[in-house]
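Here's the structure we're looking at; comments come further down.
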Amino acid sequence: MAVVKSSLSDADLKVVGEALQGALVDLVDLSLVAKQVHWNVVGPRFRSIHLQLDEVVTTARTHSDVMAERASAIGVNPDGRAATVASGSAIGEVPTGWIQDQDAVRIMVDALVAVIQRMRERVAATDEPDPVTQDMLIGLTGELEKHAWMFQAENV
Amino acid sequence: MAVVKSSLSDADLKVVGEALQGALVDLVDLSLVAKQVHWNVVGPRFRSIHLQLDEVVTTARTHSDVMAERASAIGVNPDGRAATVASGSAIGEVPTGWIQDQDAVRIMVDALVAVIQRMRERVAATDEPDPVTQDMLIGLTGELEKHAWMFQAENV
Amino acid sequence: MAVVKSSLSDADLKVVGEALQGALVDLVDLSLVAKQVHWNVVGPRFRSIHLQLDEVVTTARTHSDVMAERASAIGVNPDGRAATVASGSAIGEVPTGWIQDQDAVRIMVDALVAVIQRMRERVAATDEPDPVTQDMLIGLTGELEKHAWMFQAENV
Amino acid sequence: MAVVKSSLSDADLKVVGEALQGALVDLVDLSLVAKQVHWNVVGPRFRSIHLQLDEVVTTARTHSDVMAERASAIGVNPDGRAATVASGSAIGEVPTGWIQDQDAVRIMVDALVAVIQRMRERVAATDEPDPVTQDMLIGLTGELEKHAWMFQAENV
Amino acid sequence: MAVVKSSLSDADLKVVGEALQGALVDLVDLSLVAKQVHWNVVGPRFRSIHLQLDEVVTTARTHSDVMAERASAIGVNPDGRAATVASGSAIGEVPTGWIQDQDAVRIMVDALVAVIQRMRERVAATDEPDPVTQDMLIGLTGELEKHAWMFQAENV
Amino acid sequence: MAVVKSSLSDADLKVVGEALQGALVDLVDLSLVAKQVHWNVVGPRFRSIHLQLDEVVTTARTHSDVMAERASAIGVNPDGRAATVASGSAIGEVPTGWIQDQDAVRIMVDALVAVIQRMRERVAATDEPDPVTQDMLIGLTGELEKHAWMFQAENV
Amino acid sequence: MAVVKSSLSDADLKVVGEALQGALVDLVDLSLVAKQVHWNVVGPRFRSIHLQLDEVVTTARTHSDVMAERASAIGVNPDGRAATVASGSAIGEVPTGWIQDQDAVRIMVDALVAVIQRMRERVAATDEPDPVTQDMLIGLTGELEKHAWMFQAENV
Amino acid sequence: MAVVKSSLSDADLKVVGEALQGALVDLVDLSLVAKQVHWNVVGPRFRSIHLQLDEVVTTARTHSDVMAERASAIGVNPDGRAATVASGSAIGEVPTGWIQDQDAVRIMVDALVAVIQRMRERVAATDEPDPVTQDMLIGLTGELEKHAWMFQAENV
Amino acid sequence: MAVVKSSLSDADLKVVGEALQGALVDLVDLSLVAKQVHWNVVGPRFRSIHLQLDEVVTTARTHSDVMAERASAIGVNPDGRAATVASGSAIGEVPTGWIQDQDAVRIMVDALVAVIQRMRERVAATDEPDPVTQDMLIGLTGELEKHAWMFQAENV
Amino acid sequence: MAVVKSSLSDADLKVVGEALQGALVDLVDLSLVAKQVHWNVVGPRFRSIHLQLDEVVTTARTHSDVMAERASAIGVNPDGRAATVASGSAIGEVPTGWIQDQDAVRIMVDALVAVIQRMRERVAATDEPDPVTQDMLIGLTGELEKHAWMFQAENV
Amino acid sequence: MAVVKSSLSDADLKVVGEALQGALVDLVDLSLVAKQVHWNVVGPRFRSIHLQLDEVVTTARTHSDVMAERASAIGVNPDGRAATVASGSAIGEVPTGWIQDQDAVRIMVDALVAVIQRMRERVAATDEPDPVTQDMLIGLTGELEKHAWMFQAENV
Amino acid sequence: MAVVKSSLSDADLKVVGEALQGALVDLVDLSLVAKQVHWNVVGPRFRSIHLQLDEVVTTARTHSDVMAERASAIGVNPDGRAATVASGSAIGEVPTGWIQDQDAVRIMVDALVAVIQRMRERVAATDEPDPVTQDMLIGLTGELEKHAWMFQAENV
C-alpha cells in the first residue's frame, strides 16, 4: 500500500528512512532508561537528578514523535514497538534495583554519549539526501549534547 | 540496600509489588502501542484516530509514572525497561506497516480489553493488602474503560 | 445492538446501571433546580446565594457527565432527557416566581439532602459489583455534602 | 412582589417575556438533547460527533443563562424546571438507546431547525418592544444557524 | 481642523454625536459614583456590595471608552473632563461619609435607573442615523439593566 | 447539491448572499493590502505603522471568516480565491516597492474608506432580509471605522 | 458613625487624611485628563501617545484606589466624586477639541509635574505621622516621575 | 447548636469525627514543622531541601483544609488552633537553630513516618462508618508516602 | 554555628531579630485563627466571611514566610513551631465550636487590632537599626490595616 | 530608494530574492485555497477536514510572513497582493461551490505536492547564496510535508 | 541638553545620581558574573547552583533597569556600558575556566557581600535627598541579602 | 580539568570554540549597548525606539546564553565577563549622555551591521566542523538581520 508519494529518490529514501528509524529506536529507549533511573535513583542528590531526568524524558519523547512522523511524512513506516526498541537501541543494559546517585549520573552520561555518536553519523548521512530530515537531527543533537554536558559537569 | 521502611507486611508487599510492576509494564506497552498506531494509521478516519490515540498515550504515560513511583514509595523497585516491557505485556503483537483505520480501532479495543482485565484482577488483589494502591488502580481502570468504550463505539 | 463488551456480570451490570441512571437523573435535576433558584432569588443575600448556586451547577453538570459516560462505558444507555428527569428526580417541586433568600437556602438544603441520601444508598449498592463506579459515587457524594454543609451553615 | 421596575410598558413586557421564556425552554432542552446524543452516539464518526455536540451544549447553556437573566432583568420570572422544559420544548422526542452516527446528525439537524424557526419568530416579535432583547436573540440565532449548517454539511 | 471624514450626514452626525457625548458623561460619572460607594459603604453586607460595585465600575469604564472612541471615529470630539461630568451627569448627588449598606443599594438603583432611561432614549434616537452607534448603545443598555436588576433584587 | 435548508426566502437569500460575498472579497483584500504595506513601509514611523497594520490584518481575517461561514450557514457558497479577490475588491491598486510612512497612512485611509462605504450599503440592504447577517455587518463596520479614525488621526 | 478604630492620634489623622484626600483627587483627575487626551490626540505620533496615555490611566486608577482605601482603613472618608475632583485638582484646564501630538505631550508634562510636586509635599508631611501611608505615596511618586520623564524625553 | 443534619449514626460520627480531628492536627503540625526546617536548614543540599519542603507544606495545607471542611460537613467542629496542635500532634519536638541538611532529612522522615502510621489507622477505622471520609484519607496517605519515599531516598 | 555574616551590629541585630520573631509568631497564629473561624463560622453571612477569611490566611502565610526568611537572611533563627506560637501570640484565645457570623467578625477585628498594634511598635523599633526590615513591616502593616477596616465596616 | 544594506552579493541577492518572492506567493495562495475548502467542504468527514484545514492556514500565514519579512531584511521588496498571487501561484484552480469531502482531500494533496516541489527547488537554490534563508525554507518544507502526509493518509 | 526638569536640588541630585550610577554598575556586573559562573560551574551540585544563579541574574537585571530608569527620571544619564562596568564594579575578578561547585558558592558569597555593603551605604546616603530612590534601594538590598543568605547556607 | 568528552576533533574544536566565544562577546555587548540607548534616547520617537530596543535586548540575552552553553557543551569555557566584553566586542564606542532619536537609530544600525558581518563569517567557518553550532548561528543571524532591517527602515 503506497500511501505517501515521496519527493525523495528510492536511494535517498533508504538512507533517510534508516536514519529516522534508528533515531526513533534510540530516543524511545532513552525515554525508558531515563524513567527507569528517575524511579530508582537514591542518594543525597536524589531530588536534583530525579527532576533532571524528567527533562531528558521530555526531550526524548518530543523528538521520538518528530522522527516517527517525519518517517511517515516521507513514506517510511516507523517502528517504535517495545521489542524493536529492546533489540535495536544504542544504549547498553541498565541495572535493576536502587541506583546510587553517582551511578545514575554515569549511566546517563554513557547512554547520552552512545546516542549522540549515532545521531552525528545520521546528521552526516542525511546531508545530501534530505536537508529537511538533517535539520531535525541537528536540532535534536544539540539538545542531547546539552543534556550530556550537564550530567558530565556533575561527575567532576 | 533497604531504602524505604515499608508500612506493609512482607506478604502484603509481595502482592502489592507484583500488582504495581504488572500495571507498570502494561501501561508502558500501551503507550508504545498507541504511538505505533498513531504514526501508522491510514484511511478516511486517519485524523480522528490519530488524535484520539494521543489521549490514550497521555493516560498511559501519566499512570505508568504513578504506578512506578507508588512501587518505590512502598519499597519495591519498578522495572520499566524495554526488554521487560517486551516480554511481560498483556498486549499481543502489533503489526508493522500502514494500518487501515478500522484495523487500528480493533487493535486498540483488543489492547485495552486485555489490559483492563488484568487491572481488574489487580484491583481485587490489592483490596486487603493496601487500599492506597487499590485506589490508584481503581482510578486508572475507570480511565481505561472510558477509552475502551470510545473505541468500541466507533466499531459499530 | 451490543456496543460495549462489559467486564461485569449481568447481575452486577443491572445494579450498577440502575445506580448510574438514578444518579444521572438526580444530578441533571439538581443543575436545573440550582439554575432556577439562581435566576429567581431575591433579598439582601441575593448576590452571595446567586454566586454560590453556580458552584452547585458546576458540580452537578460535571458529575452528571461522569455518571452518564460511566454508564456508556459499562454498556448501559444513559437517559438524561427532560421528561425522564422530570418524572424520576429525588428533588421535590420548586416554586415559580421570585424566591426570598432564606427560602432559597432552605430549598437547596432540602434538594441536596434528598439527593445525598440516594447517593449514599448507591455507594452501598455498588461496593461489591463495581468498585470503579463506587469510587466515582464516593467522590461525588463528598462534594454534595460539602455544598449541603454550606447552605445549612447559612440557615443558622 | 414587584422586584424590578421595568422600563417596558405592560404590553411590551408581555411580548418580550414570552419570547424569553420560550427561548429559555428551547435552549435548556437543546442542551439536554445534545448531551443525550453525546452519550449514546455510536458508529465510525463517534468521536467527531461526540466532540461537536459538546459545542452545541456550550452554546445552549451559555445562552439559556443569558435569556433567563434577561427575563429577570426586565422583571419577568424565568422558568427552566425539568417539567416545564419537558412540556414546552420545540424539539421532538429523542429515542433512547444507542444512536447510529448518521441518525445522530439527523436528530441534531431536526432539533436545530425547529429551534431556529421559533427564534426567528422571536427576533421579529421583539423588534419594536425591546431592541436589547432582540439583539441577544439575533446573536443567539446566528450561533444556532452555524451549528445547523455544520450538521447539515455532514449529512451530504 | 477636520480630522475624520465622516460617513454620516451633518444632521445625523449632530444626533449621534449628542447621544455619544451624553452617554460618555453618564458612564464616567457612574464609574466615579460606584467607586465612591465602594470605598464608603459599611454594614453587614459591606463585602458583597464592595465587590459588586467594582463590576459596575468595570462596565462603566469599558463602555465610556467605547463611546468616546466611537465619537472620535465619526469625527466628534468627546469630552470626559471632570467639570463636564460634574455638570452634565444624569446621576444625582451622592452623599459624603460612610454609607449604610441598604442606602448604598438604593443609591445604585437610583443611579442605574436614571442612566438607563437616558440610554434607552439614545437607542431610539440613533436608530435611523447610525445603526453602528445604536448597536453599541444596545449592548451597553443590556449590561446596565442586568446591574440594575441585581441591586433591585437585593432590596427586597 | 442543496446542502443547507435556508430559512430565508429566495429573494432575501439573493440580497444577503451578495452582501456577504462582497464583504468577504473586500476583507480578504484588506488583509492582503495591509500585509503588503506592513512589509514594505519605511520611514521614521515604520515601527508604529508596522504594528498598527497587523491589527487591521487581525480584524480583516477574523471577519472574513465570519462572513464566509455566515454565507455557508444560509446556504450560499463563499468564494475567497485570489482571482476573485483580485477582480472584485473595493480597494484600488497598491504600489510595489518601499512605501514611505505618510504614503502608507494615506493608502490605508483610502482603502478603509472605500471598504466602509460598501459595508454601510450592505448594512442597509440586509436590514429587512436578515437581521442576523446585518448584525454581523454592523459590528464589523464599527471596527473598520475605528481603524479608519486612527489612520486619519495620524495624517493631521 | 465611628466605623474604624484608628491607631493614629487625632492630630496625625488630620495630616494623613488630608494627604490621602488630596492624592485621591489629583489621581482621579489625572486619569480623566489622560483619557481626554487619549481620545482627542491627533498627529503623526497619534498611536504612540494614544497607547502611552493608557499606561498613565492605569497608574492613576490603581493608585487612586489605593489612596481611597487607605483613607477608609484609617477611618477617614475618601471623596472622589466628579464635583470634588473638578474643584480640587492640581491639574489646570485641558482644552476641548482635537489636540495636536506635541501639545498632548506638553499637556501631560504639565499635569504630571503639577501632581508630582504636591505628592512630594505629601511624602514629607506624612513621614512622622504614618510611615504606612508615606510608603504608599513614595511608591506612587516614583511611578509618576517615570511617566514624567518619558513625556519630557519626547519633547526634546 | 445543631447546624448540620448528619447522615451518619451517632456511633459512626464519633469514630469519623475523631479520625478527622486527629488528621487535622497532624497535618497542621506537619506544615509548621516543614516550614521550620525550610527556614533553618543549612548545608550543601540547602537549596534542594528548602524547595522540597515547600511541597510538603503544600500537601499539608491543602489536606488540612480538606479534613477540617469534611468535619464541618458531617457536623463535627474542627479544632486547628495552635495550642491544640502543640499538644496533640504525632510529630516529636523539632530543635531550634540551624539544622544541618542530613539532620533535616532525618527529621522529615521521622515526622512523615509518624503521621503516616496514624493515617493508616484512620483509613482502617473509617472503612465501615464513612467511605467518603475514608477515600479522602486514602488519597492523602498516598501523597504522604510519596514524600516519605523521597526523603528516605536522599538518606542512602 | 555562624552561618550568615550579618551586616548589622550586635545591638541592632538583637532589636531586629526580636521584631522579626515576634512578627512571625503573630502571623502564624493569625493564619491558624483565621482558618479556625473559616471552618466554624455559621449564620446568614457564612459564605461571605468564609471567603474573606481565606484572604487573611493568604496575607498571613505570605508575610510569615517573608519575616522568617528575613530573620535567616540577617543570621537570626526563626521559630514558628506550634508550641512557640501557642505561647507567644498577640491574639487571645478563640472559642471552639460553631461561631455565629457577627461573633466571627468581632473575633477577627480583635485579632487584627492586637496584631497591628504590635506591628506598629516593630515598625518604630526597626527604623534606625535596619530600614530593610522596617520596609517589610510597613508593607505588612498596611495590608493588615486594610483587613481590619473591612471587618470593622461589616460590624456597623 | 536603497533602504537595506544587504550583506549578499548582487548575484546571490537575485537568486534568494526570487526564491522568497516565489515562496510568498505560493503560501498566500495556499492560505486562500485552504480557507476556500474550509468553508465549502461537505460530507460525513466535514468537521474533521474543516478543522484540519485551519491548521494548514496557520502554517501558511505564519510562514508567508516569515518569507516576506526575510525579503525585506535582505533588501528585496515582497509582493503579496491578490493579483500577484492569482497569476503566480503553483496551485491550480480550485472549483467553486460545495466540495465533497474526498474531493477536498484530493485538492489539498495536489496543492501541497505542487508547493512542496517548488519549495525543494528553492532549498537547493539558496544553499550557497544564503544559509539563513535556506534554513527558513527547510523548516517550512518540513511542515508542509507533514500536512501532505496527513491528507494522503486520509485518502487510502 | 536639559531633558528632565528635576524636582531635586543640585546638591541632592549629585548624591542621588552617584548612588544610582554606582548601583547600576554593580548590578550589571553582578548579572555578568552570575552568568559566568552559571556557565562554568562543575561538580555534584552543578544543577542546583546552575539554576540558583539564574535567579540572581533575574534580580540583577530587573533592578539594574530600575536603577537606570530612575536615574533618567531625575535627569541623570545612566552609564551601563561594558567598559564602565569593567572598571567600576564592586566585585573582584572572577577566574576563567571550570569552577568547582564549592568555589562557585564562595565566589557568589563574596560578590553579593561586596555589593550589599555598597548598597547599604547608598541607602543611608539617599535617605534625606530622595526617599523615592531610597525606597528602591531598600527593596533591592532586601533581595540581595536573601540571595546572600542562601549561598552562605550552602557553605556550611 | 577535562569535564566534557567532546565529539569534535581538536582542530574542529578550536574553530568552533572561537566562533562561539566571539559570538558570546558580541551578543553580551549588544545587550549592554541596546540597554544604554534604551535609557538615554530622547526625541519625538522616544517611546517607539525605547520599546524596540528591549526586543534587541531579548534577542541578545537569549542567544548569548545559547552560545555560552553550546561552548560548555562541547567542552570549551565561555568567557562573558565585563572586561572581556569591553575589549573584544565588534561594536564601537557608544557616547554617554542623552542620545537624540535619529542618532539612536544610526547607532543601532552600525552596531547590528558590525555584529552581523562577524556572525556570517562564523556561519561559514563552522559549516564543516560542527553543523550543530552552525545551525544555532544561522538562526541567530536571521534574527539580527530582521532587527537591522527594522532600524534601517526607520532611517529613510
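We call the chains A, B, C, D, E, F, G, H, I, J, K and L, going by the order they appear; numbering starts again at 1 in every chain.
The rule is short, and it goes like this: contacts are C-beta pairs under 8 Å (C-beta built on N, C-alpha and C of every residue); 3 or more make two chains touch, one makes a residue touch a chain.
All values derive from a computational prediction rather than experimental measurement.
Where touching is counted per the definition, the chains common to chain E and chain K are G, I. Common neighbours of chain E and chain I (chains touching each): C, G. Across B-J and B-C, the chain pair carrying more C-beta contacts is B-C. The pair B-J is the one among B-J, B-C or G-I whose contacts match those of E-I for more than half of the residue pairs.
We define each chain's centre as the mean of its Cα atoms; on that basis chain C and chain H are separated by 31 Å. Averaged Cα coordinates give chain A a centre that lies 62 Å from the centre of chain E. Taking the mean of the C-alpha atoms as each chain's centre, chain C and chain F sit 49 Å apart. Shown for chain H are the residues in touch with two or more other chains, namely 1, 3, 42, 45, 48, 69, 72, 98, 135, 153, 156.
Those residues of chain D that touch chain C in the complex are listed here as 1, 3, 28-29, 32-33, 35-36, 39-40, 42, 64-65, 68-69, 71-72, 77-83, 85-86, 89, 94, 96-98.
The touching residues of chain E, counted against chain C in their complex, run 45, 48-49, 52, 102, 150, 153-154, 156. Remark: chain C residues 1, 3-5, 7, 69-70, 72-75, 131-132, 135-136 touch chain B in the complex.
Put simply, chain F touches chain L in their complex at residues 41-48, 50, 98, 100. Remark: chain H residues 113, 116-117, 120, 123, 127, 134-135, 138-139, 141-142, 145-146, 148-149, 152-153, 156 touch chain B in the complex.
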